[in-house]
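Pasting the structures here.
Each of the two complexes below includes chain A, the first together with chain B, the second together with chain C.
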Partner chain A sequence: MNGLTGAYVPGDSPLHRLPAGAKLAGLAALCTVLVLLRAPVAMAVAALVVGVLFAVSGVGAAAAWAQVRPVRWFAVALFVMQVVFADLPSAITSVSRVVLAVALAGLVTLTTRTVAMMAFLERCLSPARWVGLDPFRLSLLLSLTIRSVPVMADLATRVREAQRARGVEWSVRAFAVPLVVSALRHADALGEALSARGLDDHDEGTGHAAP
Partner chain B sequence: MPKFNLGNGFPTGDIARIAVFAALIAALGLPGTLNAFGNAVPITLQTFGVMLAGTILGSWRAAVAVAVLLVLVAAGLPLLAGGRGGLGVFVGPSAGFLLGWLPGAAVTGWIVERGGHHPSVVRLVVACVAGGIGVIYLVGLPVQALVSGISLGKAALLSLTFLPGDLIKAVLASIVTRGTQRAYPDAVPAVHRERLRAGKEG
Partner chain C sequence: MVCVIELDDVRVRLGQREVLCGVTAALPERRVGVIGANGSGKSTLARLLNGLVLPTSGTVTVLGDDTRRHAARIRRRVGFLFTDPDAQIVMPTVAEDVAFSLRRRKLPREEVERRVADILERYGLAGHADHPAHQLSGGQKQLLALCSVLVLEPEILVMDEPTTLLDLRHSRLVADVLRELPQQVVVVSHDLALLADFDRLLVLDEGRIVADTTPRAAIDHYRKLMS
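Then we have the complex of A and B:
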């Protein structure tokens, strides 16, 4: 895997400087407008606005394309289907709506540091404390997950090699059962290790684990 | 004791399981880590991971695991199949299928939890099909129709190609869950809950 880095492109544009919350609110507003627009002419204007925003951000064409690329086949299928079942104007509107929304969302991702976005989302999730997930546990959960991704990827590779050695390469069962059992063993050992360090006694007020 | 902790709703053992399963779903989407049938069929196994989270973690833990993964994806980490991530996936045509993972995993877990200590294979298949396919499509199709401005029927037509693969994944997830729960009894949600309760009393 190519490292756990986000798609953030460093820069100093006005878009980079906007706080994450403001950008998300703007994205929600613009996506709502996109859903409401009907005429191809309106879509052309919207495309122009999105183009200007990308130009202002200065993220470059390659980064922009990387954000839109995942929906390219869907866009083609949608276009063909709309031309066949409806007409050309609605095909243009449908496809540009999807592509522009994805491009805008991609723009927010490209101009916002992963850390800043994570901090904002964590703040949004703070009501989770009412079901026992206080801010401390929430950050622990998020950071533990990030840490566990390479561990699980590594585990999957090792199980796969063992599977190859046993000559049962085509069996999903021979791959997934050992993988899931190992993942559970790992998780439960991790849970006990955390528990042994007194994390169950963590008090919300102190901000760190009680001794 | 934390002030707002309803009956210690989040013991560290749960946090570890949730984090590891969220990471497992992410790892199942990494290229090169695995392909379902040798290298012949390039299908993503992430919904398979969502089903497994449901059958093994139980309803609410599975939903939290999915939520954690989606939060990290929204923050920009490339944790979805094919290294996708960022906010684009939440406004794109498949946004609903992604958000559907949340109730999907919860429903799968709920059905398995009703099966007690030895959920049957039939129950596991029903759980994976109802939660992992039914609920996910139920959320996914209307969102796809709304985002692309097409009718629900056309959205269903576009998604029809994924149905056979998803059915295979549901059956596989059930078989794998059965195998896992035989090898590791604590992988049954009901058994795990009982052990946690016993541990607290002891």
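Then we have the complex of A and C:
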């Protein structure tokens, strides 16, 4: 969960100072290279490069591991399948390709504030204005999604605990119904809070007629 | 006297229910409290003050503007603090959430950073500036929500049960904040201690104001009502 939410590790490394757009472009470029690489030796070099980037960022081993951890079982499964159905070198290449790509993406998250990411996204999305979409809203949607992950996880835990407290061990319906209800209620409250913070108004002039 | 908030025969119908039935009040006092039983219409009254709820009939005038016609402008001038801080925090980290409030002000970046740092410092959250908001305790989240509202320097602050989820220490902190705020505050609460030194207290019952007086008299009335 932490891989997505508030993963930013404050710092002053060159990677932290790089603009979000440059980092995303770099990420795209490096991932392309990863796809093109074939030999295990080349992968070893790539791993070294990624290692150096992490060292430069100074985010620490724990934060780095937290980024890769979610794919660990997938990596193991992929490795086993590749060994069985292909051969050892291709197993090594495909697994390192996945792990390194995830690590690189994680490095971008670890060194970029959500605000910077949003600002970049908004600039990229500005052509959306021509088809009537508001780039600010689109990027707000993104950050709300990120923010909602821990809130939802929290709601799920609470529903689970309430069930246990009543002696219900496991029932899909008794889990899903209250979770959906509280999610909807949360969405409602969030919408209200957003409009209380003035985020539903577009202009700076006189107000709109209320609905 | 200039009345900052004026309600004139306000009725609100939500679904089949008449939630407020003819509320009239002029509120020039700096600190106004609202108490009453569950379901008596307190939250609805609070939401009327920044146009989140519009009257079915009657008028609500805030800072000279009718909420029905100038909802957007009123929302910029009236800050609102809800009970549940989780629903108010929209950005992943503490400083980002406060900075987010200032987005529409189009201030230079240094100015935004300075204001955010100042307010987090004042409410004891400076050490958490870059922490994920979901790792804060309930009380700290409420303080963060308060910072995100106050950073906009609203002229009026409306709060709906701001201390319900807070421990005694954090409740006192909020009470102290309220005492020192220069702007007008309207607070809905079941926390009678919080409202004890207010300038004026309204007691709501089934959508009507049944007492409108000093805190001491209003709380007595409320106690009788509840017994």
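We take it that the second predicted complex is superposed on the first by the 128 of 211 C-alpha atoms of A that agree within 3 Å, B and C clash if a C-alpha of one lies under 4 Å from a C-alpha of the other, contacts with A are read in each partner's own complex, and residues count from 1 in each chain.
The criterion applied here is as follows: a residue touches a chain if its C-beta (ideal position, glycine included) is under 8 Å from a C-beta of that chain, and two chains touch if they have at least 3 such contacts.
Because the structure is predicted, anything quoted here is derived from the model rather than measured.
> Of chain B and chain C, which one touches more residues of chain A?
Chain A has more residues touched by B than by the other partner.
> Where does A:42 make contact in the superposed view: on chain B (first), on chain C (second), on both, or on neither?
Neither partner.
> Looking at A:114 after the superposition, I want to know if it touches chain B, chain C, both of them or none. Which is it: first, second, both, neither?
both
> Please indicate which partner A:56 is in contact with in the superposed arrangement: first for chain B, second for chain C, both, or neither.
neither
> Could you look at A:10 and tell me whether it touches chain B, chain C, both or neither (first, second, both, neither)?
Touch status of A:10: second partner only.
> For A:94, decide between first (touching chain B), second (touching chain C), both and neither.
First partner only, chain B.
> Determine, under the contact definition given at the top, whether A:186 touches first (chain B), second (chain C), both, or neither.
In the superposition, A:186 contacts both chain B and chain C.
> When the two structures are overlaid on chain A, which partner does A:194 contact: first (chain B), second (chain C), both, or neither?
both
> Please work out whether A:144 is in contact with chain B alone, chain C alone, both, or neither, and reply first, second, both or neither.
Both partners, chain B and chain C.
> In the overlay, answer first, second, both or neither for which of chain B and chain C A:18 touches.
After superposing on A, A:18 lies clear of both chain B and chain C.
> Once the two structures are fitted together, what part of chain A is touched by chain B and by chain C alike?
2, 5-6, 8, 114, 140, 144, 146-147, 151, 186, 190, 192, 194-195, 199-200, 203-204
> Under the stated contact criterion, what part of chain C meets chain A in this complex?
By the definition above, chain C touches chain A via 50-52, 54, 67-76, 79-80, 82, 84, 86-93, 96, 99-101, 104, 130-135, 148-149, 152.
> Mind pulling up the chain A residues that touch chain C in the complex?
2, 5-6, 8, 10, 113-115, 140, 143-144, 146-147, 150-151, 154, 186, 189-190, 192-201, 203-204, 206-210
> Would you tell me which residues of chain B are touching chain A in their complex?
1-24, 26-28, 30-31, 33-34, 36-38, 48, 52, 56, 64, 68-69, 71-72, 74-79, 82-94, 146-150, 154, 157-158, 172, 175-177, 179-180, 183-184, 186-187
> What residues of chain A sit close enough to touch chain B in their complex?
1-2, 4-8, 24, 27, 31, 35, 67-68, 70-71, 74, 77-78, 81-82, 85, 90, 93-95, 97-98, 101-106, 108-110, 112, 114, 117-118, 121, 125, 129-134, 137, 140-142, 144-149, 151-153, 155-157, 160, 169-170, 172-173, 175-177, 179-181, 183-188, 190-192, 194-195, 199-200, 202-205
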